[in-house]
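Two complexes, one shared chain (chain A), two partners (chain B, chain C).
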Partner chain A sequence: MHDTEARIQCVATTKAGTRCKHNAIPGEDYCHIHRPITADRTATGSKRSSVDGESGTKDLTDGELREQLMEELDSLITRVQAISPDYRPSAYASDGTNGSTDEETEGVDPDLQNRILSRLRGSINEDLLDAETWKGLWYMVNYTVEYQSDIFKRRLSGDYDTDEWGLDWEFVEAVRPFLDFLYNVYWRIETTGIEHIPDYDRALLVSNHSGQLPWDGAMIMTAILNEHPAQRLARNLYANWFPTLPFISSALVKMGQALATVENGTRLLNQDELVGVFPEGYKGVGKLYKDRYKLARFGRGGFVKMAINTQAPIIPVSVVGAEETYVTVAKSSILARLTGFPYFPISLRFPWLGLMGAIPLPSKWYIDFGEPIATDSYNSEDTKDLALVSELTDHIRNIIQEMINNRLKIRRSVFR
Partner chain B sequence: MPVFSNTEQFYRVTKTLFDKIQKENPSAAAELESSKLIIRFNTSDPTAMLVLNGRRHPAEVSYGENRVRPEVDVSMTADTLHKILLGELGLAKALSSKALRVRGPMRKTLKVADLFHQCQEYYSDALREEGIWTG
Partner chain C sequence: MADKRVILVTGVAGYWGSRVAKQLSLEKDLHIVGIDKTEPPDGIENLDFIQADIRSRLLTDLLEAEKVDTVFHLHFLEQAGPSEQAFDINVMGTTNLFAACAKAGVSKIIFRSSTSVYGARPDNSAFLTEDSPLRGSRHYGYIRDLLEIEAFVNGFRRQSPETKVVVLRFANIVGPTADSPMIRFLNLHKPIVLLGFDPLLQLIQEDDVVAALVYSLKSEIAGIYNIAADGIVPLSKALRLVRKRPIRIFHPFAYKGFELLGSVHGRPLAYMPIELDYLRYSWIGDLRKMQEDLGFQPLYLADETLREFAGQKSSEDEDEQESNLYDDERLHDLIERRRRAKELASNGDPRE
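On to the complex of A and B.
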């Protein structure tokens, strides 16, 4: 009781604006909470006032005040370091980053040092400190959500457009992130010769076929969508077995692909579309691993007739890497008959691992588009000349085989 | 009264603008190329179409009808574009008030943020060169 009476209440004001309820330390005006801060402040204040006294506040510029503040901070840091000599700033703190940057750039030539530092500076985006940026980002997210939900609602109510072939661009855009992932990350595809594909005119892409499932067709389509300046969509013609696979049928149609018939191909070319064909057919996709990159027979030359009839240039395409996505060691004709498949592959993983065996291996792919082969020197009558059709078919086949061989020669390995 | 009296005037100003950016800061075109983005701007009052194609080397700006399928489609009035480029109207506000409509993956447009700032920087000069009041 006596003690209580003897002590004085702390004179400091709290953050809430009320008087501090603690007792002051004996002999002082402040409690143990407010004393150090206030003491420092008083010290700073007195220092500043002494400066003020010498030269006057008006004479102190912002720069000088900043210097004073920095000096005070330095002295504080020195004091803290004296108390805890083992303390080192974290590598993620600004001091730590500066220190490690200095160390790392010491042995580098000045030009490179400048580039590293300017790059580091560029990573600190001042826009991030601006409230408008965050507001804009919020609007952008909000807008994207609205846009996506609008698409979702329209699709539920059937309010979306398709072309006469069933191509649904919204569907293509929806599956594109998955295709992009396969293209950029999973198979790390490198594409060359994209400039051989016309911007608007018709053309017939003729490619080798491999890999048990038609991933090569999907990747050729993605390559053109991603790399071509006019972002064209290749309309691949697929064999009539693929739509019997679950979920594949409607997906193929929505992605603008069409059943492989001469009529469909001709009609698409007459509409100035870019049409993709795989003349090897089932013989190509059902190839054994030991026969990889040896082109099978190119059918009866239906694609040549299609190109001549529509005067569309033929663009040879080679896909390297797809052969290694499934390592097929044998084929079972009995299982093929029982399941209704055109071929039943037995690979190192299928059917032993069930559907897991259908997951392709992440081999490294190359897609090369060759120079267009003009067909405008022929006319429809020439398609009746079977010798000519056969000769042209073999010519295209040889070109593609050569493109594959050239690529295989420079390929480093299956996965790199 | 609209800022641009006709489509030709709008194309003249935008062409001057992009030529200026190409001359003053060629790296802006490189940014568009590296983004591989195709953006189409559709304006009304006057009706016009601009396509920035980052898939071409060098990046290409085309004026008028174009069959290239864009990844991002931006629609607005020419006056809205004018205000945005002058900095009188913020992008966020234009979006929220639906004065600016974007179709396609909007996040991709962030890749060409620098080009947008370049457009803002040189737009008033382009207006001046074409003899249109800048305020």
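On to the complex of A and C.
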């Protein structure tokens, strides 16, 4: 092992009350997610609220605002120093007026230092800050940059951890800004019923599937990661076409997703994970535009057997909006055979615009999580009763279809 | 000597045969007979060497005369390119040996196989249990031969139930002194990988391979077991840990390139110790049977095997700059391992 500290588990408890599963940042007790949640947060929080209570932020004079800023910076620096006592930032010297950089700074590119500081000066009222504050700011900027480059260096030497499924939390954190952009800005996703997802127990999410590419799976994952208090990572089970694709295959594995097999789903559920399935499969993703929001056949009910065998509750999920990301008018079986795709969509833009046609349209999305359906009244013997399994499968399919229909009724347009 | 349990090791001149024989010779109550076509290396005490071929028709007589109780079948040529000679020794030799064992009343046969028999397939489950179908690639000699042997052993276990068979399917073997396809791959100056693919690997350290083989002698266990170290390593991480910069090739070009090279040279894949599919998809064995039924626990973790490998290699090179690669980490690993070994020993593991 590279570093004893690197393997220490984060000591924080998640909002759900379970123990955080991440590794702690080297030299710290907390992981990258829980790092800011230290004792100081409550202190700063209460301080801020008391200031707000006295005068309100509007009425603060420049001097008061500056003092407040200094205080916050001080607490930040104390925190950084507590975390890494050996850390010494490159010197920041002021010429007394308004913080010019020290030419003799060691180890840091003075150009970079200048650029960062001038950017900062441009964005904050110049008169507000004195040399001391700049010094503090510089300290924090330096710390952040070095922390990031430490991660980068460490990863390049192969020193990072994955779980037994290949989940790499640092990779998830790295792609999250992109997923968040899609979630918040591009598709402006609204999520309801997030409270139906348990904080730490197992559950099987069953969702409709649409939109040619599995963006819906990624967005369900992002929704739960962002909106759920326990910040759980849903493990979606994907079709066996994706492992054959470069980049997509490795990205899926690094994000903790797994191939859709009964063994994988059962094992994940037995590990108390949150598992997402799309029983429609290719029939769902490859739907034509004219068939949108009509659920396809739900396979042979493998997911019901999986849920019963592991006693996991089934949470129906409806995704509305993903159908409109691509307008598929036809499918070509000849091209599918030639390219080796499981289906080959002919949409308004694909393949005519090439890869540009693969960019989804910015429709407005709604993700609704329904009431959990308990499966503990059944036992594993019941999975042999094919009539029961198919009845349950249809039941869940109807619930999801109803959820979709309800949402479609409320929805005003595709883009709003 | 008559009441000692007699153990026969095939391929005793080879790496695995000699290492297992050496380990076994430390046991006081065992009599070790080794057979091979060539002389074994020096340094194995109390080894009763008999020069014999496993394809010999007189094998039954030999086993009966020596009153052999258990056979370690470790004579296996691990060649990438398929060759008739290797097939003859590997498959025909094994069939002959197993038949002779059944006739001579040998009570147990222990055989070293590999998890690569499961095959690297896109529709592989993340964890393959021992009863998963064997869908390994038949392009490479050693996998093809292993598949043949596994199929034969499967039938043999039904036909001769009185002879116990232990098949240990080892993950990618990595270590400073052994030779395996993965070691050959990691030793390449510029390993070739497929652009955009990063399969997960399971590893096992060479010392743990020997330990597992010897362990299966001691316990009264028969059957098939996946054996691998704890932890899973993505290929990219493995290459970074051993400080290699791979060449990344877009996979259609890589497949086409090797096809063309093969048609020119006749020996298709001699350039690559590992087939391309095995650099594209994961084939991870489920270790629950090893942990629960067999009760065996490899001492090395997956990361450690690679650091140990890279560290030993770099100290062999005596490159001033690289010679202290992982020195601290390896010592730290060693301390941790010794602590784990003590824990295992206190829990009744027969190993020290």
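In this text, the second predicted complex is superposed on the first by the 279 of 416 C-alpha atoms of A that agree within 3 Å, B and C clash if a C-alpha of one lies under 4 Å from a C-alpha of the other, contacts with A are read in each partner's own complex, and residues count from 1 in each chain.
The definition used in the following text is that contacts are C-beta pairs under 8 Å (C-beta built on N, C-alpha and C of every residue); 3 or more make two chains touch, one makes a residue touch a chain.
These numbers were taken from a predicted model, which means no experiment stands behind them.
Superposition of the two complexes onto chain A shows chain B and chain C fitting side by side, with no clash. Between chain B and chain C, it is C that contacts the larger number of residues in chain A.
Of the two partner chains placed by superposition, only chain C is touched by A:246; chain B is not.
Of the two partner chains, neither chain B nor chain C is touched by A:283. Touch criterion met: A:264 reaches chain C, while chain B stays clear of it. With chain A used as the common frame, chain B approaches chain C to a shortest CA-CA distance of 22 Å.
Touched by chain B in one complex and by chain C in the other is not one residue of chain A. Here chain A touches chain B in the complex through residues 132, 135-136, 138-140, 142-144, 147, 173, 199-200, 226-233, going by the rule given at the top. Chain A contributes residues 1-2, 4, 155-158, 160, 162-166, 168, 240-241, 243-250, 253-254, 258-259, 261, 263-264, 267 to its touches with chain C in the complex. Residues 122-127, 129, 194-198, 200, 231-234, 237-241, 250-251, 280-282, 303-304, 306, 329, 332-333, 336 of chain C are the ones touching chain A in the complex. Within the complex, the chain B residues that touch chain A are 36, 38, 53, 55-56, 60, 67-71, 90-92, 95-96, 102-107.
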